[in-house]
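Chain nomenclature is as follows: A, B, C and D, assigned in order of appearance, with residue numbering initiated at 1 for each chain independently.
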């Protein structure tokens, strides 16, 4: 191995050198900081990092903190509905736009532009539109529908759906763009074949087209998942976690404890839990999607 | 001028061995075809000769010089790919001259060489075009031209014609043959098309699962396949295979499969063939001839005929054994009729049932 | 581009009764959703053109009675944060200063990584790449604290190079993924041919691969411009006082409360802050879909 | 204190930085990180800036919207080895750990010169004094639990005089509700809900319960009937708040009083700034109630500036000059008039202060009624957990027993 490995490296030396920045980033900026976080989660760090060791005490505290448990539960609800709605809506938009509609590029732009706005903007503007005193509810009541109620942002039981609404508005255009791109790549012969066989259109989409779009679907789900795990700005801008703790999310829990509450130990314990969760959920997806069949031998 | 020697070569991808302990010498100026089904390792082998794939064991020698770890550009090779691999953002002229420009060759020389190659391949009028504006055949000519201008000693062709239609394929096949005559360079040509192999090669190396099954001239590979695999891989229509056993009857040796009996005394066995040995008889359709009143004729019944233009491929049953055989248009061979044939035993092949190797 | 035979494709023959209803349904669906998607933009625009008096009295969905651009002027030139009343102008310049090098470097590096990963055999590179991808799922917040300390040690904390480096670091996973997948779709023979032609690592990258990367580079530019321009957290932490990006100023303006909230100024500031990514989308939206279709997201 | 009030939406996005290499060549440059970005606050800090500039310094203003963002920026700068000259904190334990790490300069020199031990009220002095040394310059005293009322709204509901007991207060809320006025203006943000809770705790439980629950974290006090009464009273206030309160900013809630649409608001003395800006007069248009019992405790919160460690003599000089200026009696009066708070020193001329501030100064002169703010009595993360409980108590159904259990866990844990 030794001599051959040396020869292999020498032949590909430039490639090794070219990948050094990436290696440095991965090792120092990603793995290093993750290791640092994991280490601190076993310490009693408060405002400043400490080097002591307190075992799993922070984790015990963490899972005894109702706000953290609420955050996890909220994340699960948001993840489920956000993924589902974004995906279904994005697919429907793409399919409908793909029906030779007029003003196609106009529709496409309209559905995609929210993705260009920041999450902060998405949160602020929807908070305003859904605000019972200012927005839709006030307008409807102004029209005489005095019993009209749309109080999602102020109702602890509905507030998550307000957040989901804003994020769906923000993200479903991306799914549309990806799926539309996939649809454009499908061979016209498939459509002819299904017409000969007399298969109804909805059936073709469900049973034939969607499976063919697997890479696009996975990519869009991966991109959406990234934004779910990191979901922070939109919640802060829209509800700041309220009413009460009804719309708290893990990233916000981490931030608040890291900075506002000066509780680094607990914050890093929470981020370690997130890290492990992401590893467990995403590692198989990433492996199967991007590595398993990477058969390229240069 | 170059010879190529591969010594004890191992190539693997990850833990999967692709080429195993391979020895092969290609003579200076020889046209060698690597023939085999897809996945047999022939393209990987070619890639390794070109220096594009790292070997995991063994050596590659060009003119007795070890080039196992030499950079592709320093091996003095030109290579033509199945997908043409033309640089899409460059004109034909730039495509042809790219390598020369990198090597820092004088502009005048580059121009002369490009002109020479373009004229040789009749693509001079295409020099300003982008690859996307060319037809398949033109693209392949440019790809060949790119290899030509490099003054290579060794040319590597990786299934260069398989993306073309039949007519173009035949045309370019001929041109490659002419090119070889003109340049007299060593050429290594990978294909899964037996016609290309048979028409182009000085020698054919038939590969399967990373191992060379037979290395010989086209005629010998066709007529005397080294094993059952080679026998059935080459030849169209395909070789008939009948499993049976040898039986001695006096001083004569017979092949028997059920009621089917064939006198094979005249077959030249490479190994002593004892009676009772289980064998596979390989018979090419063209070696089963319409009987013209000969005594050795075997009578059978035609079940199906396939007209093939110049001749007809007939499927007939002889004493319970179904064989395909070629007949002329005037031989009166029709379905459901009786038909008599003689079998040219000297051109038949016998293979061991167990190992598949020729007897 | 378009598959010719779509179930409801516009055919030459007259449409059947059923198909007419089908078309109507499609347009109704798209139209209603378009209204939903446009609603926030509409609200932001009409509000930004109203005076505060009108906002106080009127409904947010009504058109401005007296059209005024005062709020825009104020947001751009004189909105206050703390003792400074310079509007968003300064932040705009800072954002541009941060955006340009960050986009260029992160895309070049992403392309380089993708190229090295998909054409060259580098042992362990895939493991690194997997770590990078997983890293992209971790909330930024986890990285910030240790990065601040490392930056402080190297003296780039709170400087333009610091914030640019940060964007390059956090843009790396998605950029590398984009280019790697795109390059995986290119024929590897191209690379082999170039190697036989004597081109080395850089020559192949610059002369052959980069010129072919235009479709995916457009996607990358769109994604990075959006991400970097909209970034708030990293800019706030790493950019330094002199270089605070527009989003940070927007936050300061929106959250600077003097009695009544100046919704019109806030909305104008918000739209102003979103203009650059919006313009990028409007101008290159079609390329986005096309770029993705060109294999950007193949597995 | 105002800090936390300011943490609106985005602003909470923590960690701010904001460097700016302090220009060492110019003498007495002072870069000051703070979060006072609203109108009244800006005017107030300008008093410091002007006075500092007049004294030969050069004030470099670094305003970061949002208290936690600004504090994070300051801490990052300190840890990053590139600290500002001064940074704003609340009178709390927020900065005590940095002192422990030796990252702040003490200002004993200025303190002893000005006899701080004498002129500062005990809770404030205790808050800024660590291990016998002064580490922070207090600049104001905020009482975060004033009860404000709109005179016109109360009139409309037929309430002839402001309440003096909790019972009267609750009865007035009912009257307001019956008159179709929002009885209690509240911004549905964590800290505002907590202010309301603190007000109930001090006014129902008194100073003793306040210090034994939040200060001593005494189990018996947490489980006492008094504390149970506090929780019950707090929850009973829910119906008096309008539906749209969720997420509302404190000044928007104050605006409801200004517009006479709401009756009462529990808010710190900075609310005065809003009334003043709307040209409302104390007594005529609005009024302030310091407590709902004669011995209602006066909670002392406030803001302090800390001075990060530096060896640069010029910077130390600038720091000392800042301390001098910020605590100067005249500057104090001017500053606090704009900020709405009261001066930290007992030796200032109170005549120019408004009626509410004068009332506050008077109450504060009785040390028995002085109690420290909750944030001074526990660590940040403990206080955070307490705030979480209060906000959940307010927004989601929770039994009193559950609430007591959780209080105990948060405070004892």
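Note that a contact is a pair of C-beta atoms (placed from the backbone, for glycine too) under 8 Å apart; a residue touches a chain by one contact, two chains touch by 3 or more.
Nothing here was measured: the structure is a model prediction, and the numbers come from that model.
Novice: Spelling it out: a chain qualifies if it touches subunit A and also touches subunit B; which chains qualify?
Specialist: C
Novice: Report which of A-C and B-C is connected by more C-beta pairs in contact.
Specialist: A-C
Novice: Need the most distant chain from subunit C, centre defined as the mean of C-alpha atoms.
Specialist: Most distant chain from subunit C: B.
Novice: Using the average of all C-alpha atoms in each chain as its centre, how far is it in Å between subunit B and subunit D?
Specialist: So the centre of subunit B lies 89 Å away from the centre of subunit D.
Novice: How big is the gap, in whole Å, between where the Cα atoms of subunit A centre and where those of subunit C centre?
Specialist: Centre-to-centre distance between subunit A and subunit C: 15 Å.
Novice: Between subunit B and subunit C, tell me the centre distance in angstrom, where each centre is the average of that chain's C-alpha atoms.
Specialist: Comparing mean C-alpha positions, subunit C is 54 Å from subunit B.
Novice: I'd like to verify one number: the distance from the centre of subunit C to the centre of subunit D, where each centre is the average of its C-alpha atoms, in whole angstrom.
Specialist: Here subunit C and subunit D have centroids separated by 40 Å.
Novice: Would you give the residues of subunit B that are in contact with at least 2 other chains, written as numbers and ranges?
Specialist: 52, 54, 71
Novice: Which subunit D residues reach two or more other chains?
Specialist: Only 8-10, 13-15, 79 qualify.
Novice: Which subunit A residues reach two or more other chains?
Specialist: 8, 120, 124, 232-233, 255, 258, 297-298
Novice: Output every touching chain pair, sorted by label.
Specialist: The set of touching chain pairs is A-B, A-C, A-D, B-C, C-D.
Novice: So in the complex, the part of subunit A that touches subunit D is made up of which residues?
Specialist: Contact set of subunit A toward subunit D: 46-48, 61, 64-67, 120, 123-124, 127, 131-133, 151, 153-154, 156, 232-233, 236-246, 255-263, 266.
Novice: What residues of subunit C sit close enough to touch subunit A in their complex?
Specialist: 1-10, 26-27, 29-30, 33-34, 36-41, 43-44, 59-61, 109, 112-113, 116-123, 125-126, 128-143, 145-147, 150, 168-169, 172, 176-177, 181, 184, 188, 191-192, 200-202, 226, 230-233, 247, 250-251, 254, 263, 270, 273-274, 277-278, 280-282, 285-286, 288-290, 292-293, 296-299
Novice: Quick one: in the complex, what on subunit C touches subunit D?
Specialist: Its residues touching subunit D are 80-84, 141, 144, 148-149, 151-152, 157-159, 232-233, 236-242, 244, 248, 251-252, 254-261.
Novice: Name, in rising order, each residue of subunit D that touches subunit A in their complex.
Specialist: Interface residues on subunit D, with respect to subunit A: 7-10, 12-15, 68, 71-72, 75, 79, 94, 97-98, 101, 188-190, 243-247, 379-381, 383-385, 388, 391-392, 394-396, 406, 409, 413.
Novice: Spell out the part of subunit B that touches subunit C in their complex, as residue ranges.
Specialist: Counting only subunit B, the residues touching subunit C are 47, 50-52, 54, 71-73, 77-79, 81-89, 98-99, 102-103, 143, 146-147, 150, 158.
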